[in-house]
Every structure is written in C-alpha cells, then in structure tokens.
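Chains: A, B, C and D, in written order; residue numbering restarts at 1 for each.
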Amino acid sequence: MLSHFPQFLLAQTDADAPALRFWPERASDMAGHVDAVFIGLMVMSALIVLLLLVLLGYALFNYKRDDRGLGLWIAKSRWKLETTWSVIPFLVFLGLFAIGAKLYIDSYDPTEEGREINVVGRQWMWQIYHPEGKMEHDQLHIPVGEPITLVLSSEDVIHSFYVPAFRVKRDVVPGKYVRLTFTANKTGRFHFFCAEYCGTNHSQMDGWVTVMEPEAYAEWLQQDMSGQDHLTLAERGREIFHAQGCSGCHEPDSTVHAPRLAGVAGSRIALQDGGFVTADSGYLRDSILLPGKDIVAGFQNVMPSYQGQIDEGQIAALIAYLQSLDSEDSDVSTR
Amino acid sequence: MDNSANSQHHLVNDPPENVAEEPQENYLNEGKGLMSWLTTTDHKRIGILYLLTITFFFCIAAFAAAIMRADLTTPQGDLVISETYNKLFTVHGVLMIWFFLVPSIPTVLGNFLVPLMLGAKDVAFPRLNLASWYVFVAAGVFTLYAMVAGGVDTGWTFYTPYSSTYSNGHVISMAMGIFIAGFSSIFTGVNFIATIHKMRAPGLTWMRLPLFIWSLYATSIVIVLATPVLAISMFLVMVERLFGVGIFDPALGGDPLLFQHLFWFYSHPAVYIMILPGFGAISEIIATFSRHRVYGYSVVAFSSLSIAVLGFLVWGHHMFVSSQSVYAGLVFSLLSFLVAVPSAIKVFNWSVTMILGRVQFTTPLLYAVGFLGLFTIGGLTGLFLATLAVDVHVHDTYFVVAHFHYIMVGGMVMGYLGGLHLWWPKITGRMYHEWWGRIGATLIFIGFNLTFFPQFILGYLGMPRRYHTYPPEFQFLNVVSTAGATILGLGYLLPFIYLIVSLKKGKKAPDNPWRATGLEWTTSSPPPKHNFEQTPTVNEEAYAYKD
Amino acid sequence: MSQSHEDMPSNALLLGILAALMVLLGAAFSLVWLPHGPWKPFLAILIAGAKAALIVWIFMRARYHDHTSWLFIIGGIFWLAILFTLTFADYLTR
Amino acid sequence: MGHLSQEVHEAYRDEVQEKRTGYLGMWAFLSSEILFFGSFFLAYAVIRSFHADAFREASGHLSLLWGTINTAVLLVSSYLIAFGEKAFELRRNKAGMLSWAGAAVLGVAFLAIKFYEYGEKFHHHHIPGLDFKAEDFQHPQGAELFHFLYFSMTGLHALHLIVGVCWISGMVLWFKLRKGRTIQTTYVTTAALYWHFVDLVWVFLYPMLYLIRP
C-alpha cells in the first residue's frame, strides 16, 4: 500500500515540475505585490516572535524575582507599556489593512476587464469556452501580457478557481456569474486547482494554465479543432437560440408578446415593478433560468424556465450570442 | 487566602505511599456505584463525566487524523480511497470541534472549578448541568451513528448546496448531532453566567475574580449568543435535505452565501469559545508558577470581554473569496485586525508577568510557555489571513489549516493540558509524575511544530486543503508533517498513560501542592461534596502572592 | 420572603398594557388596507417592536428587576442587530 | 448554612439569591432564543429581498383573520400569566392558578387554530417540498420558499408553545398538589418569562407572515 513511500524524493510525474520547492512561482502582475505584502508580514511576525523570545528568555533564565532593573521599570511604566503594545500593533494593522485592501480592490473590482473566457466548473472538471469557439477541459490557454477575465459559473456545487502562480482565487458559486480578472506576465505551464471542497474527487479537479505568446495563442486558437464545429461561441449560441425554440417567441414575426432581444445586452431595462436593471450577463442568465424573477415592464410572465433544459456551456453561448447583437440586428428584433 | 480553615487536613501534606482507601469524605467516595455517578448533580462529578466523554471523542478524532496523515505521505494517497479520506476529515473536524474543543475546558475544568473558585456549593442550576451532559451524550450518539452508518463527507463546514443537495452521506444524522450538541453548550453557558453573576462568595467582587472565571464568563456569553445561529443553520440544512426546499440552493431560488453568513456567525466566534478558556487556564498557570499577580489584571480581564464582542464582528473574513461584496470584505478585514489587538495585549502581559515573578519550571508552566509561542504564531498568521490580498492566495489552502491548528491545538489543547495538570491534584487527589510530565509537554511542543509548520509553506505554495491527492512537488513537506504527527501522537499518549497511572501509584496530593492562591486551593484535595466546610469570605485581590 | 408592592405592576397597569397591546394589534391589522410603500414593512415591525417593549418592560418585569438582566435583554437584541447589519452590509453592496 | 430551608435548593444561600439567579439565568437563555429565532428572521429577510413579489403574493394565501385572532389570543394569555404571577407572589394561589389555567387554555386554543390553518394549507396542496401546487402562484419558486419559512417558523414557535403549555399546566397541577404550602417564586418567574417570550416571537411573526399581503 505504501509502495511509493521510499521514492518520495524522486517522485515526479510532470517533467516541468521540480520535486521540491519552498516558494511558489510568480507568473502574474498580482503575484509580485502579494509576495511583497507577504514578505512584509513575515518580517513583522519575525520581529514580534523575536521580542517574545527575548521576554521569555529573560523571564525563564533570570528566574529570580526581578524587582530591580527591567522589572522595576516595567512595574513603574504599566500604563505606558500597555498603551504602547495596544497602539503600535493597532497602527501597524491599519497599514496592513490598507495595503491588502488596495490590492484586493484592484483584483476583485478591476477598473478594466479583459478578454472574456467562460469557465464552467462541475463535479469534478473544468470546462473552458473560448469566445472564438474553441473548447477545452482542465486546460486553459491564455496569451501573456493581456488582461484576462474569466467568467466563472458552476453546474452544481460551489467550486473555487485557484491559480497559485497568479495568486488569484475565486469561489464559483452556482446560480451566478463570478468574474475573475488577472494578467499573466510569464509564459509557461502553471497548475490550477479547485480550492473549495466539492465532493469525492475534489482533489482531482485540477488542471494547467498554459500561458503563451500572443502569436502562438492566435495560432493555437485555430489549431486542433477536429471534432469541434468551427463556430464561435456566439454562433453556437445562435444555433441554440433556434434549437431551443427561443426564436419562436423572440423573433420579430412571433405572435407571442415577448421582449425584443437585439441590443438588449448591456442596456438599461425598465422592470414591471418600477425598478431598473442593467442587462449584464448575470441578468441575462437569470432571464433564461428564472424568467419570473425580473419581468420587463409591459410584458407578462409567460416564458417557461429553462432550468435543467440547458447546461452552463449552452447558457454561456446564448449570452455570447445576445451580446453579439446590436440593436440594428434584424435577426430577433420585434419590429 | 486564609488557610487556617483547613488545618484539620494538615496530615495529608505528608502522606504514606500507596494508600488504597481515601480516609476522608470527598466527592469521589461519597456515593458508590455507576448510578450514583449517572444521577449526580455534583458539578465536580459532572466535570469527570465530561472528561471521560470528551477524551473518548478525542481519541476517535485523533485516530482519523492519524490515518489521514499516513495517507498523505504519498501524492496518490494509497492508504484509503478519496471517499474515505473525505469522511475522515469530516469526522476529525466535527468531533474535534463540537465534541472536544468547544466543550473541553468549559465542561471539564469549568464545571469542576467555577463553583470552587467562586466559593459556591454548586453551579446555579445543578440539574440543568446534568441534563446538559445527557444532551451532549445524545448528540454524540447521533454523530457516531452517522459515522458508523456510512459516514458524512461534507467537511465540518457543511457548505451548501453540497451538504443540502449533492452529498450522499448521512448528513441529517450528523447535523442533528451538532444541533443537539449546541443545546448542551447553551445550557452550560447559561449555567456559568448565572453562577458567576449570582453565586460568588461574600467579598468576591468582580475585580477579585480569578482570570479563569473572567474568561469563562466571556466564553459563556459567546456560547449563549452564537450557538443558536449554528442550530438554525444546521436545522435548515436538514430540512432542505429532507424536503428538497431550497433556502440555500440557488437552483430553487435560495442563496448559498446565506448559509455561509449564518454558519460563520457562529463558527468564527466558536474559535473564541475554544481559545478564551485556554487564555483563562494560561493566566492561572502563569500566575501560579511565576508567583506573581498577572500584570495588568484588569486589562487582561477586559480584553477577554472585548474579544468576545469583537469576535462577532469578523465572520466575513471566511468569505473574502466567496463572492461576497467587496465592500463587506473591506469592513470584515478591518474588524479582523482589530480583534488581534486584545490578544496581543494578553501575550505581552503574560510574558511580563513571568519577568516580574520568579518562574518555577513545572509541567503546567512548560505547557503555558508552549502555548505562548504557538498561540503567537497562530495569531500572527491570522493577520496574514486578515490581509485581503494575501488571503485571496492562501484561502482554503494548508496555510489556513496550519493557522487554525496553531490556534486550536497549539493554543487551546496546550491550555487544556496545562490546566488539567495544574488542577489534577485537586481533581483526583493524586500527584502525577513530574518528569514524565515535562517530557510529554516537550514532545508535544516539538511534534506539533514539526507537524504544522511545514503546512504554512505548503499553503503558500498553493496546496489546497481537503486534498486527498496532490501534485508531487508537495510531497517532501507532507512527509515531514506526517513524521511530526507521529511524534505529536506519542506526546499525547504520554499524559494519557502517566495521568492514569497516577490514579493508582501517584503520591497523595496535599490541599495546595503549588502554594497557589484561589479559593479552590483552600479546600481539601479532592474536595468534599459541598466544596467548603463553610462558605469562605474573600478580602483580598486575586493572585496575592507575597513571596 | 414576601414581596412588597413596589416590586410588581399594579392590576390597573397590567390591564392598561393589555389594552395598549390590543390597540397596537388593531393598528397593525389596519395596515393591510393602507396603500403600499417601502415604509409599510418598517411600520409593521415598529408596531411589533412597541408591543414587544411593553411586554418586556411590564409583563416580563424588566422594570422591576436588577439591571444585570438588562445586560442580556439588550445583549440579545444587540447581537441580533450585528447579525443583520453585517449580513446586509454584504447583500446591499453587491 | 443557617438559611438553608426545605424550600431553597441546596446550592443557594437564600430565596432571594435563588429568585434572582433564576430570573437572570432565564434571561440569559432567552437572549440565546432571541438569536435562535433571529437567525430565522435573517433568512426570511434575505430570501424576501430576492423574492419580494412572491412573498407578498404568498402572504395573501394565509388567513389574515385567523392570524389576527391568534395574536389577540396570545396577548391575552400573556396578560393572564402576568396577572397570575403577581397573584402567586401575593400568596393568592387560587387566583394565580385560575389565571394560569386560563392562559394554558388560550395556548391550546392558539395551537388548535394554528393546526386548523396547517390543515387548510394541506388541503390546498401548499406544503413546500412535498406537495406544492405551483400553478396557484405567479411566482411559484418564491412562494414555495415563503411557505417553507412559514412552516418552519410557525412550527418552531408552536413547538415552543407546546412546551410552554405543558410547563404552565404542569405547574398549576403541582401547585394544586402542594396546597397550603408556600410556593417558590423562582419557578413562577422563570415559567412566566418563558411564556411571555414565546408570545413575543409571535408578535414579530404576525407582521412578517400575515401583514405583507398585496
């Protein structure tokens, strides 16, 4: 059972991965910042532990009652001391908070997003949909030096997309889109993991990010498409739009009173209950799966739910299709 | 304290070896037979009942951990299959947290000592106290049933919708066990609150209370106010599984993050339920063996209370990557830094107490020093996790595993074992073997660091937690960790053996073997059924060490 | 130990509280026929809070007991407020 | 202990200490209960914020009349408990027992009405999860969640009330058996506190469940 045990120093399945390391690779713009904060924290911790060791050492090896020297000084300056070790940590903590928060906002609430790639997690694999139509699983190919925005969704339970070399991670919560933006700054292959426990084969729900030069990436997008349909994600969405019967109601000639969809993506929509909502991908997703949730003003709740009818990949394609339409598109406009 | 009331017990200071019969009436020999134990309302006997029960649960949970560590020596995990591994870490987490750490100091040492330290005859509601033990046992039965019937693989966090919809395990039974265990905690908490408020001996004002009482008071407040929220989150998971209605299931209109809010509203304060009593025990040990009043008594006392309050404001730091709002993340991060301040104050005040006093190297003191080191590392790494951007990287990795083991095992278990050694003579009337004690404490300290320090590195490297298999580059550190766990296991075995041996072979303990202050040391060892011959009166501060 | 009359509410006060509770119940009931608005649920909870305050203050004798118990009355409400405030700090800023 | 009498439990010095301890202990427990029901209120608030229309619609399917009557029933029972508590303390045990018995009867009446309402739900196939007729609602998903919360919260409340009825009627019986002997006010105080608290919970459930109808 433990037959592999003696070989532990040699064990090596991937030629690129070294057998032993003590610091993770740094392959994104974020990684350097996080490492810097981490090292700062380590230095601070080391100083505090050192101070504690000095105090303990003094107490343990000077084990006569100390009512002179240090002891007298300590006893005399009680309020000063207690204030010191409340206020100094407090200020240090405030600084740490500010630095950590700045980086967090940069990463989680970025001012600009990049190339969108849909990532769908399901027990226990990652399915990746490139906008150009290429699909892959447990592998993610991206170009170096360009901001990438992963649009994460889950078919079942909560997963978490984690690339240690990029120092990024986000939980993939079912029922919504989670966006994760980062910029890789180094080519190579980097491991990614599912970090949120998701069931039996949680630990096998991993894969590799391959960061490529932009030219190589463009080339890769065209390569090896055998078995795939050579359609872009939006084109595939258009096929689903017709195959699932969406066009039956949302098409201009339909007798059913349904909202026009051309140009709807990204627009501001008036709702029946008087509110407004921006038709982002999350709203479009809800409209397909939970049509009764936010009904557009002037329409009835007649649309059936597509929950269980189509999977996350198909929804991603549908949304890509809707986003590809502008308001002039005759394909699905009502008038 | 005035010791003259106990002069009649002076004989036992110089005891004959190996006395078989207890000559004096005490709580241990005042009633014979199993029934006298199962129907007792004596807080001391209930403490012993709890001691036996939680030791039992500790052994099962530790065994689960041993298998997991052995399994993790190879990247492929050759010892057990993934399903088994997942069930093992669930059992380990659930039993360690709700059936060992949460009850450990409060129900064993707290039950035994709170009335003694207050100069009271018993806790405020003795029958409720016994009931809480039965409720605890019932909870244990449900949990053990879930284990035996096939196990649960959700992890102790029961994240939805995995636990409520997808998992195939016996989630309902285990959630029921935790639900019931919650009531046992609440009963104990209510009992301590009423006891500490209303049952103090004449003259025992709040500012004269031992710090152990302060910390248990703070703990009780957290228990009483946090546990019901856990009960409801478990209840909702159970009902959701039973009826397929989805408060937490997005496919049915619910929200999985609601579960996380409810769960962590309990489970973060629960960390303080676990560590605050440890603080109390450490305060007593350090004062006793430094022969000095705890430096800044009032600051240490009130820092326990402020931890109890602030501990409720930080739960969202478990959700930084969960797609909670960025603004909520900022608020929770800031508040998390604040809660570290009172802990920092405590550590410095304890160290300074030792400088001011005259340190005696004894087993409990070794545990206390170990506690200071391990808790400090655990606390500092907590700051790493409160720092938003760093948390994004290390969240749900072994860094977190190492961090909370430094707090809970390095902190709490060291405090519990230290306290158990400090009060062992009072509880059993016997002295344990001092040298074996020191060896045990040292082994545990070394084994612990070997086990968990490599996990910090593993975590920063990016090894996610709850991984049965892992990439081979993580193997070396995992092997080191497993080797450390072996030493740690040996270390835990030692006190288990020599403490039991001391019951038969140990020297008889005098009333106050450590020449400590505190009302519990003024009565005989072991104490009589009603604790004191007459209600003591207190007229001085706590820890009035004169030498 | 017999109690003095200052420790407990008079019969008239008890009846008065009951009457006030019934009036508040009537007020809450009549809310149903008022037009909708975001203020309505708040008003309904406010009325419930008023009823609760009367019950705690007089029926549950908070007024007549030592202040230690207030610690837990207020504590329970305060902690509930923490639970709501911080949870909605998340939901309202998504 | 000089003060130790038959009436005082051996852990206490005297009756005043016992009564104060009981009052405080009960309040500590009730603060726990506040969070217990409070976390349900939180779940309600969050889910309602997602399904505001559905909740309003589903609330319309509850019987406002029975809900209001039930609130009145509980408020009167609370009055009777408060009145009886005072009577016990003044050693007017007969009046005390009578009003507490009345409160227990009102509690049973509340439960009877509640179970009648449950029966109606059963009849209309509005049992979430097991037998839910989605066609009755414009927003079936939210309506089902509303009904789920309705059953859980009122069910848990009813469970508390059942405990309360048993407690109160048990005490009345016990007092009857101890006729002529003094009655410990601790037991009276704690039982009364508990009853009032169960009433308090309903005071909040009433507007949350019944008063948001369209």
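Note that contacts are C-beta pairs under 8 Å (C-beta built on N, C-alpha and C of every residue); 3 or more make two chains touch, one makes a residue touch a chain.
Quick caveat: nothing in here was measured; it's all calculated off a predicted structure.
The pair of chains sharing the greatest count of C-beta contacts is A-B.
Here the CA centre of subunit C is 15 Å from the CA centre of subunit D. Between the Cα centres of subunit B and subunit D there is a gap of 35 Å. The distance from the centre of subunit A to the centre of subunit C, each centre being the mean of the chain's C-alpha atoms, comes to 45 Å. Residue positions 193, 197, 225, 229, 253, 255, 257, 261, 265, 326 of subunit B each touch two or more of the other chains. Each of the following residues of subunit C touches two or more other chains: 68, 72, 75-76, 79, 83, 87, 91.
The multi-chain contact residues of subunit A, meaning those touching 2 or more other chains, are 290. Working note: touching chain pairs come out as A-B, A-D, B-C, B-D, C-D. Listing the residues of subunit B that touch subunit C in their complex gives 193, 197, 221, 225, 229, 257, 261, 265, 312-313, 315-316, 319, 324-328, 331-332. Remark: subunit D residues 1, 9-13, 17, 20-22, 24-25, 28-29, 31-33, 35-36, 38-40, 42-43, 46-47, 50-51, 128-130, 141-142, 144-145, 148-149, 152 touch subunit B in the complex. Residues 1-3, 7-9, 11, 14-15, 17-18, 21-22, 25, 28-29, 31-32, 36, 40-41, 44-45, 47-48, 51-52, 55-56, 58-61, 65-66, 68-69, 72-73, 75-77, 79-80, 83-84, 87-88, 91 of subunit C touch subunit D in their complex.
Across the complex, subunit B is touched by residues 1-5, 8-9, 11-14, 17-24, 30, 33-34, 37-38, 41, 44-45, 48-49, 52, 55-56, 58-60, 62-67, 70-71, 74-75, 78, 81-82, 85-86, 89-90, 93-94, 96-97, 99-105, 107-109, 123, 156-158, 160, 162, 164-165, 167-171, 173-176, 178, 191, 193-204, 206, 290, 307 of subunit A. Contacts from subunit B toward subunit A in the complex involve residues 73-79, 82-83, 86, 153-155, 157, 159, 161-162, 165-167, 250-251, 253, 255-257, 290-292, 295-296, 299, 320-323, 326, 329-330, 333-334, 337-338, 340-341, 344-345, 347-349, 351-352, 354-361, 369, 372-373, 376-377, 380-381, 383-384, 386-393, 395-397, 457, 460-462, 464-473, 475-476, 479.
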